[in-house]
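You will see subunit A twice below: alongside subunit B first, and alongside subunit C after that.
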Partner chain A sequence: MKPAAFDYVRPDRLEDAADLLAEDGVGTKIVSGAQSLGPMLNLRLVRPGRLLDVTAIPALRTVEDAGDAVVIGACITHADIEDGRVPDAWGGMLRQLASGIAYRAVRNRGTVGGSLCHADPAADWLSILTALGAEARLYSRRGRRTVALESFVLGAFETALAADEILEAVRIPKLSGRARWGYSKSCRKAGEFAHAIGVVVDDPETGRCRAVIGATETPPILVADARGLLSGDGTVQADWVLRLLGEAGMQDPFEQQIHLVALERAGAQARL
Partner chain B sequence: MTTRSIELTVNGTVCRAEVEPRTALADFLRDDLLLTGTHLGCEHGVCGACTVNIDGVPARSCITYAVLCDKAHVTTIEGFDGDEVVGRLRQAFSEEHGLQCGFCTPGMIATARDIVLRLPEADDARVRLELSGNLCRCTGYSGIVRAIRRVLDERKLAGQPAVNARTRLGPAGSGHAGASLGRERVGAGAAPAPAEAALPAPSQGSVAALPGDKLSGDAKPSVAVRHSFVVPERRDRVWAFFENVEDVVACMPGASLTEATPDGRLSGQMSVRLGPISATFLGNAEIARDPARYSGTIRGHGRDRTSGSGSTGEIRYALVDEGERTRVDIDVTASLTGTLAQFGRLGLVNDLVRRLTDAFSANLQARLRPGEPGGAAGEALAQPARLDLASMLLAVIGARLRLIANRLRGR
Partner chain C sequence: MFRAAAPMTRSAAQGDATPGQGVGARLLRKEDDRFLRGRGRFVGDLKLPGMREVAFARSPVAHGRILEIRIPPDLRGTVFTAKDLVGVKPIRAVSGLPGFRPSEQPALATDKVRYVGEPIAMCTGRSRAEAEDAAARIEVDFAEEPAVSDMLLGRRPDAPRLHADWPDNVYLESLVVGGESFTGLDAAVKITREFRTSRQCMSPMEGKGVLAHWDTRREQLIVETSTQMPHIIRNGFCDFLGLEQRQVRVAAPDVGGGFGHKGVLSPEELCVAWGARALGQPLRWIEDRREQLTANANCREHHYIVTAYADARGKLLALEAEASVDAGAYSAFPFTGGIEAAQIASILPGPYDFPRYRCRTWSVASNKPPILPYRGVARTGVCFAMELMLDAIAREVGREPYEIRLENLVRPEQMPFDNITNKHFDSGDYPECLRRLVAAIDIPAVRERQRLGEPDGRLIGLGLSIYNEQAAHGMSVYGAWGIPILPGYEQATARILPDGGLEIRAGIQSHGQGLETTLAQVANEILGIDPARVSVIHGDTETSPYSPGTYASRSMVMAGGAGATAGRQLVPRLATIGASLLQADPSQVRFEGGHVRSASGSVSIEAIARTWYLQPHELPADVDRGGLEVTAGYRAERDSGTFSYGAHAALVAVEPRTGEIELLRYVVVEDGGVLVNPMIVDGQIYGGVAQGIGTALYEEMRFDAAGQPLASTLADYLLPGSVEVPDVQILHMETPSPYTEFGVKGIGEGGAIGPPAAIANAVNDALRSFGVEVTSLPVTPRRVVEAIAARSSGAPQPTLSTGFERA
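Up next is the complex of A and B:
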């Protein structure tokens, strides 16, 4: 249960980190809080030649108000959001949901950026931030680019990050005071990875009504315009959901049912 | 060996040390500083026994490497001797039967202290929720919850407010020290070798007859996949194809054969990749054919040295005569042991086996297409050295898009 040997570098400038990645010849893996990577290293499932610690880069630990959105650095932790050290622009949604991720001891180190790059389909942020319409800001020596979160994750543990790219920040659109949201995750034990996730965000001010089914074995399933999916009383069009799940390759009736129920519960919360 | 100089303030004392980057904070505390009050249970962040305070807040010391915490403040159970809150918790745990064997207690105290300080309004349900990251297998938690309840009530009565020790942004313990590009420490100025380079070369002996690997089909199947497809070819020709082991193995993405004996024994390897995880299973298999029934069974077992995972699998195939056509039925059962299975996300592994079976079956169909020059075996399939799930997914999505496009065109 001890990791294989690896080398370690800790640049304090984004440019240096990008250089180290671009000139990588040893198999470099970026690390921030190490709360997902650590277990995989200890189990020797992952054996990088070198860890590149990005937590000394001040830009990745900042939060910026961008008017209609908040841009949070990749190294912002779940606890930073839970405790309100990141200003709340979502009517308490992100604070409340952050408090349900894993355990407090994990939230004190685990980061939003790390969670997104790890791209475990069962992770909370992937589904939540996809529902909010967040964007990933990527940096490399070749320049910067922005990728919508629904395009950022390609599959289980697979992202659109090129080998020389770093996730710099996440731009999360704010919610208006009239926004309604619901979130439901199915877990057998508090703090474990979800078996099914449902998210609904409905903001009449911006006209955005989005639903996400998460914790599938694929990227989160996004319904970008969910107005037809949800009836006025919060019930969900089950046929529509089952068709989406079938298209994503989910055949098992039990799996289909728990994902449908998760979305129904999220829908009911959003309409209460 | 590459080491790094670190400086930590542990229980109020400044310590400087040379550590390997892979040294967990818990191992540094226990083995180098002899602070053995920090316990190691699962070593992958689940049990909570190793929970210590880093920069004043609880964190896992088993999945936090010492080098990540350069210049941080760490408090272990030994450092809580004079802590007022922990003094009260110690008394309450003792009186309320908050421990029996004591293994979880150091981590439990760190978490309890956090609950009492951060959440003065917590009810019993919230206390239990907050304790979900600390496993106790003796008490059933009732005594622990009562102990924490008692200290919460005492503090409430005394009017003591909530305390949150954290003001900085970013991971607790990280971001104190500046850049460390480490070039000065690498042995003899050479580039560090990848971790794998230090390992002995794989030998055939390492895969033979390992305990826990069984050739017989009595391992509990963790995943079973069935496929059927129809080939517009007579059964005898399809059967002839299945006689040729090399061609059948070539249909499995990532698989390659190193040896095949006439009596149906095979050795080979299979590489799979799932995000950051890559595994190469080296193993043996044997084929049993039943020409009378046009069916056969391939049983195999393999072992991935890097992850210490074992895999047992069985592929059964049967050819059903449908006149000018042949139906091919394939049943795959596979089970996994070791770290890949312990990783606890068997759904993803099962999904991988399903996708491998899909690809295997698709390749078989392609090879069995009629009219290929020199018979079915004449065509060489593109054989990826490694299975890349992303490209596979994209291929699946691409196929689905083509279907939708065809439907739109009324086909």
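Up next is the complex of A and C:
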């Protein structure tokens, strides 16, 4: 399990990274924490001609308070959030959930941006940040653009990122003090990728109540207005959920069941 | 002479100079200092000048003929296929059991491939990456054939045939019949169940690894390999490479866990050994996790149909069973493709006493990697099948599962007991073991908790299992199995050094068992030498007497017995020299605590050793000229094996909607005879239970219908981690074996035997309101949910199909 040979570049400016991508975006694979890409390289499931390591770019490690949101650089690690190096604007939600991602060794290196770009439906951030209404800020020599996460992820392991684009930062709306949230993931063992994810975020201050079902074969299933989905005691409209799952192509009763339960648990947590 | 079953009938030479370091001491493990500091030396740490790394091009198809192998011209001389391996014979592991059909496992595939991952070409490079680059460029054309992906399909007459000269796909069919006739059997209860255990992969922290080179001075092939049994592996190298024994040295460096995976001679080892000699280059292969999972470390896949007959109280009247083992494509050396199924037939009755038994088994060849004997070997599956039957009977007759077991267990007054398959249970009190477990788990409290229900809606379940474990069995048992490994008499060398330190040289191999500590404790027990001054030298054909090695929980019993015997033979020699130095009559001295003592004084082993080696002119004329070094042999008074035993209890909470299972409590009561180091035994049990939890809940190497393995990384093949293993409460009993030195019993495997049965019984107890049982391992969330969902579907009942009239 050793990777095939590849070239390796590690620029320290975002512009240089964009130049390299413009020059050969298709043959280049961006790497940050390498917690998913590393094993895939070793298994020779991917054989890029060149690895573009973006971890030396200071601009990708910044955290910026943008008023009603926080903008975090793509190379912020899960541990940065877990340990509080990213100021908490979500009532402890991100900090707590970051601490449940995989194992500490993975969290030390794995990055939020890398997780989103890898777009594994079973990953935590994909579902969590979709539920929070986060946006991806993409950069290329052609300029910047901002894409809502639900549009950024096109499918399992598939994103809207063009060959010459790099994920620069993620803009995550803050939660008010009155916001309530719930998160449940079904794993057979600690640290494993989830088999089902449910997220509920309800912020009366902003009027936003969003629910996400994750760890499907598709992008996270978002219910942008989940007020009708969730009743006051935290139970969810099972028929509605099953319809959504069916529309997403999920036919297996066991899979449907564990996804429904994950959402119910998230809903119950949010209503506690 | 059988020893009395009294605890601790110690040698008179028990030490007092180093109190509490002999047999029974909870001594910290000597080897842990280097392991915990990362200073061990494994195959992966070894380097030789000019060493090249090896990767294998492996078959991507499960079954097919090789039409053509194309090797790019620039790789000539660095890539080798079967036609290059001149003089290398296929691996043959032949059981002497009647009707056994041997297979021929080529070091590299010749005309046919029989499992995904079978080595086709050995590729060498300056680095492993370069070798893998070469492997990726080998092109092979196959004429694919239908695969046998399941043992039950493989037994059908129309199944594809793995080995052309066989009439079917069965290595070995065996039948064991014991006790009274079934004719006229009238039982109030007759129940039949079908069970399956998954194919698993043994997962030592270190995979296999081998480094071989040809020593031109010695004219010797030197193989440093991660093995549990260097002498047996040397036999294999000699047989299959056509070398003399003196031309081969096999040495194990530190080995990071074995569990049976390192108890076989693999085709990769044979290739590397051949290449080292033929090419005159040191070659090293380090198994990676994908190779370990998909191609090598497969084990455990059983299928059972069992019918139990009992009276209305649950007393067993008869048991009949048929079992299949998915033995994979080849009979692995040395344990063969037949041992596991043969073992099933002989041990299915477990620790129970009942009057009628018959069991037919098949070892079935399939297009999967060869099955290897994993910790516990067939016992884990057998315990699962038998203990689920006992619980099914308990439900049928409406009694507590432990009560049914007490009805049927062999009683202490029957010991030693020859059971229905002629296993000789040496000692123990099985009902007492179970009673202690029942008391520890507090069954009435559990039943009350179940009655009240859980606030979160989960269902509580309690499950028990009880088993016994034959260990350190010798020729009288293995002779009947007829495999190329026949443990007879074990030897060890004890050598007192000029400074009074001691070397124990033994042919076993310690790969996690702590034998560098426990054998030093044995030496301390006999000679009183501080274990810190004892070096245990093991795992190397060059430095030790012959030994079949470390497997079947034999090393403490056998190497411990040999070490004690050798030490004891040194005592009169020490006494003679000591008496001379004390100017005392030899009959008036005693050896005690590392000193020879007379009425007027004492002399230490150090002084005696100094005299023997450096001042021989001061030795008495009648000194034993053998000096302070003895190689002595050992065999237990009976070599039918020690029988340690244990009872396990699992308390679980099951979420019926998702099938999630939480282990709330786990209790083990274990009787391993006299424990040389109870702390190390605890460690063995913890580790075994962790693996048993893996068998019970997580580990499953699935294959699709084409024989493709469906797990190739540890993301797909789930192993329990620390979070998944609860605190295990261990209670010890200590009934000495009447037949062994110190009364010790083999204890290495028991922890891994009990958990699947206890946990599955607990889950079924939790699910009893649904009237369903989970009967396949691992007990996954999906299996739980689907069992509940299928409760009203009226699935057909399993039936025995074998036709025992053929008996």
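Structure notes:
The working rule: the second predicted complex is superposed on the first by the 270 of 272 C-alpha atoms of A that agree within 3 Å, B and C clash if a C-alpha of one lies under 4 Å from a C-alpha of the other, contacts with A are read in each partner's own complex, and residues count from 1 in each chain.
Criterion: a contact is a pair of C-beta atoms (placed from the backbone, for glycine too) under 8 Å apart; a residue touches a chain by one contact, two chains touch by 3 or more.
Small disclaimer: the values here were computed from a predicted structure and weren't measured.
When both complexes are overlaid on chain A, the residue A:51 reaches subunit B alone and has no touch with subunit C.
In the superposition on chain A, contact of A:91 is made with neither subunit B nor subunit C.
Within the superposed three-chain model, A:189 lies in touch with subunit B and with subunit C [touch as defined at top]. With both structures placed on the common chain, the touch criterion links A:257 to subunit C but leaves subunit B unconnected. Set against each other, subunit B and subunit C touch different numbers of residues in subunit A, with B touching more. In the superposition on chain A, A:2 makes contact with both subunit B and subunit C. Touch criterion met: A:32 reaches subunit B, while subunit C stays clear of it.
For the contact definition in use here, the residues of subunit A common to its subunit B contact set and its subunit C contact set are 1-5, 39, 43-44, 189-191, 193. Within the complex, the subunit B residues that touch subunit A are 1-2, 4, 20-22, 24, 27, 43-46, 48, 51, 54, 57-60, 62-65, 67-68, 70, 110-111, 114, 129-130, 132-134, 164, 166-175, 177-182, 186, 191-196, 198, 274-277, 306-308, 339-340, 342-345, 347-348, 351, 389-390, 393-394, 396, 400.
Residues 1-13, 16, 20, 25-27, 29, 31-35, 37-51, 53, 55-56, 60-63, 73, 75-77, 79-80, 83, 85-86, 102-106, 108-111, 119-120, 122, 154-158, 189-191, 193, 217-218, 247, 249 of subunit A touch subunit B in their complex.
Contact residues of subunit C toward subunit A in the complex are 127-129, 132-133, 136, 288-290, 657-660, 697-698, 712-713, 715, 718, 720-721, 723-724, 780-782, 785-786, 789. The touching residues of subunit A, when paired with subunit C in their complex, are 1-5, 39, 43-44, 186, 188-193, 253-254, 257-258, 261.
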